[in-house]
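Common to both upcoming complexes is chain A, partnered first by chain B, then by chain C.
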Partner chain A sequence: MEKLLEVKNLTTCFVPEGREIPLVDNVSFFINKNSVLGFVGESGCGKTMTALSLTNLLPGKNCKIISGEINFKHQTINQIKEKDLKQIRGKEITYIFQEPATCLNPVLNIKEQLAEVARLYRPEIKPEQTNQFLIKQLEQVGISMPAEKLLAFPHQLSGGEKQRVMIAMSMIPRPALLIADEPTTALDVTIQAQILLLLDKLKRETGVAILFISHDLNVIAELSDYIAVMYAGQIVEFAQAKKLLANPRHPYTQGLFECLPKKEHNQQNKLKAIIGEVPKSGNFPEGCRFHPRCPVKFDKCAQAMPPLFKLNPDQEVRCWLCSD
Partner chain B sequence: MLRLNKVSKYYQLNKSFISPLRKKIKAVDSVCLEIKSGETLGLVGESGCGKSTLARIILKLIAPSAGEIYFQDQEITDLSENQFRALRQKIQIVFQDPYSSLSPRLTVKKIISEPLQAFKQKKVLIAQRVKELLINVGLNPEYENRLPHQLSGGERQRVGIARALATNPELLILDEAVSSLDLSTQAQVLNLLKDLQSKYKLTYLFIAHNLDVVRYISDHVAVMYKGRIVEQAGVNQLYENPSHPYTKILLNSMPSFEKKLLLNKNQSAILEKQILPLDNQGCCFYAQCNKAQAQCAEEKPELNQIKLGHWLSCFKPKEI
Partner chain C sequence: MLRYIVKRLIMLIPLLIGISLISFLVIHLAPGKPTDVQLQLNQKVSLQVRERIEKLYGLDKPIIVQYFSWLRRMLCLDFGVSFSDSRPVSAKIAERIPVTLCVSVLSLLLILGIAIPIGVFSAVWEGSFFDQAMTVFVFIGFAMPTFWLALLLMKYFGVTLHWIPVSGLKSIQFDSLSIWGKFLDLSQHLILPILISAFTGLAGLSRYMRTNMINVLQTDYIRTARAKGLSDKKIYFRHAFKNALLPIITILGLSLPGLIGGSVITESIFAIPGMGKLFYDAVMARDYPVIMGVLVIGAMLTLIGNLIADICYFYADPRIRNSD
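Coming up: the complex of A and B.
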């Protein structure tokens, strides 16, 4: 499999007045062409910041990429000029976000918003063909009555339809990588199922790779080829989805699996919860960041931060227990 | 403990130039429910189906348009606020968002003692009770002087639970109480709720959209769609033998480790929300049901018992 994106030792910090608070700490991962990488973790673990770092969409002056390399299609895109980056961001790498309602402009109809993207990134489409093209795009993402919906305003669409429009918009430039940041979190289960099926279909039909971010392990399990588990700004486990789901090795991953209510849980058989709370950035514990909550910690865990140990070619784990 | 008999809530749309007739929106449409003492009833359904409206009706925060509510065999539908006041202690609610349901300007102690003050308890007793409640929900009693912004999401939700428990309620309505929590915190709060239930013999009405969570905590589950209960059964019966087409679609839509969703693609083929006419006479689901017949568009199916403890609102359960 050819690698589409490779991130090496990416560190993004919040730097207010000379201090450095790591939000993303030494994160390395890769995405193969036409595959799905699932990013999973609890709120504040750095999933979104990693995704935003990729195309330097970080909020405010105080967030900065401190070190690391982001290689995309044989270019190190964190070291090129903003002008060149613009050719990649929005064209080669596109985003969809959690709240489709806030991403669409409420005073423009769907056609104007989609046409803008088409004008910018698909100049080969002539103005007189735009209408036809956009209808086809809406059809592709499963919107019924696309010709009428094209003239609708965002408030006239349901939540699922808005998210479909967002997906259509992000697919118009024919990106190589689609970054989907919690795209189904705000939707009902049935609509979530449709969106997941749609993303899977687009992946197979267009060959796009997807970076799928979610806090929901089940959703990640459905879609992903590879899974990265993040905790406190770091990747604690990165593995092929099959291996990770069958045999999670990091105590945090194992703990997350046990927090999911399953069939066999009932009145007598309780959930095994992870004790404590997720640490806030800037307040990470010394040593392994998970050790205060870890059920199998030992002395070394509080003293030194474990590196990522490669267990086999497809599974890396940041835990001292995996050191040999 | 609690019985609802054909409870409905209609909202009238304003007359307008375009539609001179006043239209009614049926937010909750003749809902019959029963919760037995000490049990948990899970209520699931998509957003906008009327789950929260129902919770507010039970709390008498909104008056129902029709139907009766019985609490411990006493009809409470038409009680005046004064008469109902004593019962308020026994029905409490925990809200979804622990960020907006706690006043940012009150300390934890004040938040928890407010319901106690409202029911005129002595000051000395209140201070003691607050400490006791904090310990019961697994918080350090020293937290009583903190403000909500100094707490994490899970801790806030525990404060919300402590506040609801302050008046020794018998029925606790949990309106999406764990939905906004992280996975690890969610498991902690779910376990806490179970512990509290067995310790204080609480009855829960657990409203949620996460079917796995509902399965874990509930004894019985009711599925709601567009203001109506379409199916109600014991938890295992409902998950093993779903009978209403909507329940089936809901269960098939659940993502899982076994990739059930992506492997059986067509099963979850629910259409985009089609808008039913407001004066719809038929089944609330017929527009999206692939087994719908002429009868479904004309008549409303009643909620009938198809097996002991398994209630269903569908004309053709066997064929589906």
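Coming up: the complex of A and C.
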């Protein structure tokens, strides 16, 4: 498998007045061509910040990539000029975000918002064909009555339709990598499943690779070829999906699995939860960041941060229990 | 839409009655009477004369009776006759409106033309030297006493340099001038008042525009626009500007009464015969019919301005346009 994107030791910090608060801490991962990497973790663990770092979409001047390399198609894209990055962001790497309701511009209609992408990245489409082309794009993402919806404003569409418009918008440039940041979190469960099927279909038909971010392990498991589990700004387990699902090694990953509701849960057999909260950035505990919540911690965990141990070519775990 | 306007117009009636009642009572609560100028300075006036004059103007009746007789005349659009020169109030107001309107519309256009770009670019370059310099500039205008600045500039440009006339609206030889000469004469008289009221009025609108723009630039749809790889120009002016401009409509609607009401200070200092000066003189003479006429017109314009703003929103904001 050829690597499309490889991130090495990426550190992104919040830098208010000279201080450095790590949001993404020394994160390394890769995405193969036409495959899906799932990013899973609780809210605030740095998944979104990692995704935004990739094309320097970080909010405000106070968030900065401090170190690391982001290699995309043989180019180190965190070291090139903004002008050249613009050739990649939006064209080669596109995004879908969590809240379709607020991600579309409320005062422009769907056609205007789609057409500007088509004009920019699909110059072969002549102006008089644009309408036809956009209707076809909406059809492909499963929007009914696409000709009418094209002229609608965002508030006239349902949440699912808005997310489909976002997907259509992100697929028009024919990207190599689609970053889907919690694309189904704000949607109903039934719509969620439809959107997942749609992303899977687009992946098979267009050969796009997907970085899929979610806090929902079920959703991640369904789609991913590789899975990265994030905790407190770090990757704690990175593995091939099959291996991780069959044999999760990090206590946090195991905890996430135990948190999933199953059929056999009843009065006697209650749903488990990981006790405690995700530590806040800038306030991470010494040693392993998960140790205050870890059910199997021992002395070493509080003293030193475990590195990522490579168990086999396809599974890395950041836990002292895996050190031998 | 028509139904909405009619509904809003009907809702204006109780509001207007309330406003007129309160302003009527407040004016009558103020110490002093319209008869003071005629009577109090003259020792020889007897009590009988005083009573006769008060009866002539209807001032001997209880306030509430005075209010209702005023209201009855109001309903027939009869503003009454000025106490001080016995001319109809409507005629006095009609001759003042064009002057005030000319000054205030020109200065409002100037404010819009300067304040909106200042606000937009201050937001785009938030925290830059430009932003800070503009903050200082507009707040100097805001904090500077109008009368003091006006006197300084009159002294410098009028008395020292002799570039422009010091006060008034027209020169003595105005009637003998050609059309071009008349225009030139008027603009010479008006340039200083317009510039001064624009300078002192910059702060509000430019800060408001800056805040709007900063808020809009932090929204999800601007992140989407950036993720699409659009140029900065497109992000700022196509995606952000229109959204940031929408709330300005309210401000413009609310500025309508100010446009007609004029500025008491500017008009008094420059001796411009406008509405502000008319109101000031009327208050000084306790000329109740004129005061009430100006107040009621001001109140009506405020309400109508609000209505017009709402109608403009209806056309400018698709979320409101398509909501029924």
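Definition applied: the second predicted complex is superposed on the first by the 324 of 324 C-alpha atoms of A that agree within 3 Å, B and C clash if a C-alpha of one lies under 4 Å from a C-alpha of the other, contacts with A are read in each partner's own complex, and residues count from 1 in each chain.
Operating definition for what follows: contacts are C-beta pairs under 8 Å (C-beta built on N, C-alpha and C of every residue); 3 or more make two chains touch, one makes a residue touch a chain.
Note that this is a predicted model, so its numbers are computed, not measured.
*Asks:* State whether chain B and chain C clash or fit side by side on chain A once the two structures are superposed.
*Replies:* With chain A aligned, chain B clears chain C, so fit.
*Asks:* According to the stated criteria, A:Lys91 is in contact with first (chain B), second (chain C), both, or neither; which is it?
*Replies:* A:Lys91 sits against chain C, while chain B stays out of touch.
*Asks:* Counting only touches as set out at the top, which of chain B and chain C does A:His74 meet: first, second, both, neither?
*Replies:* In the superposition, A:His74 contacts neither chain B nor chain C.
*Asks:* When the two structures are overlaid on chain A, which partner does A:Lys126 contact: first (chain B), second (chain C), both, or neither?
*Replies:* neither
*Asks:* Can you report the vertex angle at chain A, computed from the C-alpha centres of the three chains with chain B and chain C as the arms, to the nearest 10 degrees?
*Replies:* After fitting both complexes on chain A, the angle is 70 degrees.
*Asks:* Go through the superposed model and pick first if A:Glu222 touches only chain B, second if only chain C, both, or neither.
*Replies:* So A:Glu222 only meets chain B here.
*Asks:* Counting only touches as set out at the top, which of chain B and chain C does A:Glu116 meet: first, second, both, neither?
*Replies:* Second partner only.
*Asks:* Tell me which touches more residues of chain A here: chain C or chain B.
*Replies:* Here the partner covering more residues of chain A is B.
*Asks:* Touching A:Lys83, do we find chain B (first), chain C (second), both, or neither?
*Replies:* A:Lys83 contacts neither chain B nor chain C.
*Asks:* Quick check: superposed on A, how many Å separate the nearest Cα atoms of chain B and chain C?
*Replies:* 7
*Asks:* Under the contact rule defined above, give the chain A residues that sit at the interface with chain B and also at the interface with chain C.
*Replies:* Dual-contact residues (chain A): none.
*Asks:* State the interface residues of chain C toward chain A in the complex, per the touch definition above.
*Replies:* 127, 218-221, 223-231, 234, 238-239, 242-243, 246, 316-319, 322
*Asks:* In the complex, go through chain B and note every residue touching chain A.
*Replies:* 46-47, 152-155, 182-188, 190-191, 194, 209, 211-213, 215-217, 239, 249-250, 252-257, 259, 261-262, 265, 268, 270-273
*Asks:* In their complex, what parts of chain A are in touch with chain B?
*Replies:* The touching residues are 42-43, 143-144, 158, 160-161, 188-194, 196-197, 200, 215-219, 221-223, 245, 255-256, 258-263, 265-267, 270-275, 277-278, 293.
*Asks:* Chain C touches which residues of chain A in the complex?
*Replies:* For chain A paired with chain C, touching residues are 55, 57, 59, 61, 86-91, 94-95, 97, 99, 102-109, 116-117, 120-121, 153, 155-156, 166, 169.
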